[in-house]
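Report on the structure given below.
Residue numbering begins at 1 within each chain, and the chains themselves are lettered A, B, C and D in the order written.
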Amino acid sequence: MLNRNHRIKNILHITILLVLAVLFIFPLAVTVTNSFMSEQEIANNYDPVTDKNLSSYNDDTTNHFARFQLIPDVVVLKQYYNVLIKKTQFLFMFWNSVLITFPIVIGQTIVATLAAYAFAKLKFRGRNFLFFLYIIVMLMPFQVTLVPNYLMAGQLGLLNSRWSIILPGIFSTFGVFLLKQSMEQIPDSYLEAARVDGASQLQIFLKIILPMARAGIAAMAILVFIDNWNMVEQPLIFLQDAAKQPLSLYLSRIIDGEKGLAFAASTLYMMPVLLNFLYAEKYLLEGIRLSGIKG
Amino acid sequence: MRTGKLKTNNGCLAWLFLGPSLLGFSLFYLLPFVTGFFYSLVDGPINGTFVGLHNYGALLKNPSFLSALANTANFTLICVPLNMILSLGVALLLNQKIQGRNLFRTIMITPLVVPVASVVLVWQAFFDLNGVLNSLIHALGYPPVDWMKTNWSRMVLLVIYLWKNIGYSVILFLAGLQNIPAEYYEAARIDGASQSQEFFRITLVYLTPTTFFVFIISIINSFKVFRETYLISGEYPYNSIYMLQHYMNNMFIALDYQKITSAAFIMAAFIVAVVLLLFIVERKITNMIN
Amino acid sequence: MIKKKCGVVLSLVLVLSLGVFTAGCGTQAAGEANNPNSLTIAVVTKDMYLDTAVKKFEELHPGVSVEVKEYTSSTSEKGEGVRAADPGDLEKYITTMNTQLMSGQGSDIILLNNLPYQTYADKNLLVDLSGLMQSDQSFDRGKYYQNIFKALEYKNKLYGLPVNISIDMIAADRTLLAKSQVPIDDSNWDWNDFVKTAEKVINDNQNGGTQEMYALAGMDEKRLIATLVKENYASLVNPEKKTANFTGKEFHDLLSLSKYLIDHKLVNTDTAQTNITDMASRGKLVFNFTSLQGFWDLQVAKAIFSEGVQLLKPPGNVFFSTDTMYGISSKSANQKLAWEFLKFMVSDDMMTQGGMPINKSVLPQIAQNFTQAIQKRGGKMMIKDDGIPAQSITLQPPTQEDVNYMENLLSQAKVYIGTDQKIISIVQEETAAFFTGQKTAEATAQLIQDRVSTYLNE
Amino acid sequence: MASLHLKNLSKTYPGKVTAVRDFSLEIKDQEFLILVGPSGCGKTTVLRMIAGLEEISAGELYIDDRLVNDVAAKDRDIAMVFQNYALYPHLSVYDNMAFGLKLRKIPKAEIRRNVQEAARILALEDLLKRKPKELSGGQRQRVALGRAIVRKPEVFLMDEPLSNLDAQLRTQMRIEIARLHRNLQTTFVYVTHDQTEAMTMGTRIVVMKDGLIQQIDSPQAIYDHPVNMFVAGFLGSPGMNFLEVLIIEEKGCIFAKLADALLPVPAAEGQTLKEQGYLDRKLVLGIRAEHLCGGRDFLDRHPECALRGRLEFSELRGAETYHYVRIAGREVVVRVSPELRVETGQEVRVGFNMSKAHFFDQESGVNVSSQ
């Protein structure tokens, strides 16, 4: 009796999870599969949503709702051809995304690792207060410091330059917050052992902390990458020059027009993140895990 | 020989490690913060005269700001607890021995990595008046709903927010759950605790640090929903999802420094208050555990 | 000891960065005020009028240099050194002007169209021109249409000076109206009269026949509602008080009106194919919204409705708009010179180069100039409007009657309409579901009212 | 090889918690010194101050006559074994052991030689390629030791290195460490809260309580002559029995009066107590289990020293048996020969070997006996 109840419960749980999994993966599946559809097919599916004028509405009274279609009638690579070869601006903007995101990820990883070490393992006056400040600033939405930041960028001559986004990005406190949590997991005795073994603070940092906080750092790097790869607001404001804007903005712009293109571009755009994620999933999960456990 | 104390507590060294971060932090966050505060106290961006709290007073009478404030508070108050409850639920499910647990975990966190702009089209197609959701409703014989243009829009945002953020919280909670020693449960079971007592007296209590962390992450992410909102409905969405970020963004476009900075500081004050409160609660519970 | 030092280091970092910041502020404020004999003018793209004015002004004032700063990324030429504006340029112009003005930088003279100049005025970023006019002995206010200045005032002050204005009218096929014998008193008609007239004219002429005739053409629902809102803008939006009135009867009527026009096929909504000129000349079009910016528009309207045109005042007031309104930045170091330039732009000498002047005495001269211009090409002109294929028509020189008509219009123009594109697009967006019948007029109006109020109240 | 000189060391943490007070100690070269005391007594703090992991709040620390207060841990030429071993999880056993040497830029060949040598001594040769998490507790312990000895330091510091091992391994490692000390002929400073380790391993023991040194001496001396009740109770297993007695003089002899019974105090001892003015005052009589005899031999010889009590519980230890006997309302532990079989609840006679008894002042706990 108990056993049977248990099995029913188990099946119920798995069903719930399966439904959730389908819901979670569905938008992605739509994006990816639709990128292989012809413009015609996509128009058929989405026109009711994107092309809302009276004439098109009156034309087809039988089907005035959009449809999600997972399997293309005909698999077409035309969209990819358009995105990659015909429209060179896609590649340019992709490159812009890379030029903005990578310096931020690398910079923030370095800066945040150093700072997180100080917060997690070194004692100094005002540590708790300063860290509280870091948390508060991290919680503030981007718009809060927008104006002064904008002015600051102006002062430093960074307006309309990638650096106006990269520099604040590097010094974002999110990485510090995340890494401090996972560095606190490292027992002090490792550091003390290294000190007794003759390591200088820099050596301790490089040879003990860095390897031991590997998962945390990797997770942080991935999260920072995701966050900045998806950035919309900052480039919108700081980069008036369309030639310098990253792909995230390009995507938000083509959505009105060529839908098929948008799907292909979206798919291409999420590829680096997805691959990155699948490759480093273990680290990401472990890193997030570590960051959540308090020492 | 006696140049100073032994460098074990190493204040200066800490500052050295902290240096780069602190410099950037001061320059790009703290200083803007302070200047922002300055702007909120004067009446014009250049050569403005000091007007004290006048801007704040004016803002608190501004209907658009008030509605943005209410909407943001409303949304955060709903979405953060809901995210925490649901993700704890899923984490509890996943914490059992279930086939394909790791695959579920991976799937749950995938939305987090997907670029906002990539799926906006899908959300639009789903929630539009002529969208997929309405075609389902229509098929069932009900009148369609304009999801983004009615009070349902808040629900839509909620769905998008949950879709994106549950996975992250689930992983955090899962880690927290796995960190609770099994002995506690065994001891409780032997002491005759019911399942709900186990949950409330052990699981919840020992999850407090994790919960605090999830809370902070959930707040951060609740602000990030703005991206989706903005991409789906632009600068002036339906009134109930017109958030503080819309207000601030629009004020930025109009470069109304006084309004945007005062708004920012009112928002900051709220955040600080909430976090402080939670900090205290968390400290209390953590001390209780130890 | 060391701990103290560290504190010092921290505060040093802060002070240092603060220094960098404030030092930056200092240099920036001092930046523009270098040469007292140079003027900068910010525009999206320059037009010929401005170009000429700059050339002449520099000739008249040796040693003075005037720089026109264009904010466009477009490289395509509209002809004669004037570039066409890109669609994205406007947004860029707004952001740039915002930034410059708010940070105390920027040009001395600024083209105010499309800018939130009322906000600038509220923040004392613009010079009150009426004050300058009063204190300047050499400026004779009496020579200008006071009604226009009055209409342009914001909170009893004038911040923008238009060099050309346009007055919206409805052109009607006089022959058709006469045939159906519907008298129109355009000083006292409303939109219902407009529809009734159109219906009657069409019924009389079609008589159940196959021949297609329309009240309006080349207007889809978006354009129609935008036009109607624009015509009634003054009663729908009050920028000074920051209120909107979309839930009232006016807007409800406009919605019903446009839906009626569309549902009864009184409007030809095919924007891509319709040739308005052709339809009008064949007597298939009753009305056409037209915006008079000079004799060109008047004569084109006459030429299009070849059977005879009757220009009607739209229901409501005679209102005007302008796309060339200039203001002076209050942060400008050369306000005097800037005012000289603005004054020069509206001087008789310059005004004769324009279309619809704000200067009372120059219309005959403008008519003469126009006559000369068309006679050079024997009256044959190519016209091209958005969505309409290019077409050749023959224009007649304006008569004294025409000059009188225009003068009369100008002296009656009492309401200024600076439509806000954002509001128009909100209206267009929200009315889409109304036209497809998915939403009621009330629901639509409420949505618009809410969004516009939010916008205005910000 | 080095001697250590700790001169009035004190450690005060922020918030005014004093962990160690006025700690003075000479540690001779090649000594195996043990710091022992209950948890929180400051012993680990002393060790960490010696290691250079903890700032010295006051006092001076010399290693071989060199003042090292301000010398960083890495420059003190010490090695330390941590309670949880602190083996770097990302390094193999070999790299863990070689870590300190690499930092010192010692030639590769020499590192290899040293590590191999240490691995041989500790029987770790087969494990060099493994990662710490692939090792058993005992193996990890040995790696931690190996990491310390490859460096050939002047001073070995060990912070409760055996506390994470099970009982059997602990005994085994105790011997190994003692052997290591013999072979290496270096100074060892060893912290433990386990009195057995302290008694069996050290050449000298420092007993600490509340940041203060209670007694410094060889294990035997401390066992035989504890300076106060704390030391007496802390060292030795089972701990010393304490009974409250009244010192009286009767017919020229000094007796300790326990309930109704009178226990004769040896003459010399009695004299000392009398001189110190303890006559007619209460004192604490301390006597170890092995000096309470249940055997007939002793009882027959010293009937005056026998008291009656009731056996509450007996504990078999194999080679010996402990009787927990209630005498005059107090429970005492008596060590008896395992052959002596008594049923629980029966009345027994317990003989007090008064020549081994200690007397402690009731208030200060100080041992006031002459011995």
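Keep this in mind: a residue touches a chain if its C-beta (ideal position, glycine included) is under 8 Å from a C-beta of that chain, and two chains touch if they have at least 3 such contacts.
Remember, it's a predicted structure, so these values are computed and weren't measured experimentally.
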Practice problem: Taking the mean of all protein CA atoms as the centre, name the chain whose own CA mean is closest to it. | Solution: B
Self-check item: Contact-richer chain pair (by C-beta pairs counted) among A-D and B-C
Solution: B-C
Quiz item: In whole angstrom, what separates the CA-based centres of chain B and chain D?
Solution: 55
Practice problem: Return the distance between the CA-based centres of chain B and chain C, expressed in whole Å. | Solution: 44
Quiz item: Roughly how many whole angstrom separate the Cα centroids of chain C and chain D?
Solution: 96
Self-check item: Contacts with 2+ other chains: residues of chain C
Solution: 3, 6, 10, 20-21, 95, 99, 103, 433
Quiz item: Going by the touch rule set out above, which residues of chain A reach two or more other chains?
Solution: 52, 64, 124-125, 150-152
Quiz item: Out of chain D, which residues touch more than one other chain, so two or more?
Solution: 52-53, 72-73
Practice problem: Can you check the complex and tell me which residues of chain D touch chain A? | Solution: 48, 51-53, 72-75, 78-80, 82-84, 86, 88-91, 99-100, 103-104, 147, 151, 157
Practice problem: Would you tell me which residues of chain B are touching chain A in their complex? | Solution: 9-11, 13-15, 17-25, 27-33, 35-36, 39, 90, 93-94, 96, 98-99, 103-126, 128, 130-132, 134-135, 138, 144, 163, 167-168, 171-176, 179, 209-210, 213-214, 216, 219-220, 223, 226-227, 230-231, 244-245, 248-249, 252, 255, 257, 260-261, 264, 267-268, 271-272, 275, 279, 286
Practice problem: Please name which positions on chain A make contact with chain D in the complex. | Solution: 187, 189-190, 192-200, 203, 207-208, 211-212, 214
Quiz item: Mind pulling up the chain C residues that touch chain B in the complex?
Solution: 1-3, 5-6, 9-10, 13-14, 17-18, 20-21, 29, 94-95, 98-99, 101-104, 116, 119, 123-124, 331, 422, 426, 430, 433, 438-439, 447, 450-451, 453-455, 457-458
Self-check item: In the complex, chain A residues that touch chain B
Solution: 10, 13-14, 16-17, 20-21, 23-25, 27-28, 30-31, 45-46, 48-50, 52, 64-68, 110-112, 114-115, 117-119, 122-125, 127, 130, 132-152, 167-168, 170-171, 173-174, 176, 181, 201, 205, 222, 226, 229-230, 232-233, 237, 247-249, 251-252, 255, 259, 262-263, 266-267, 269-270, 273-274, 276-277, 281, 284-285, 288-294
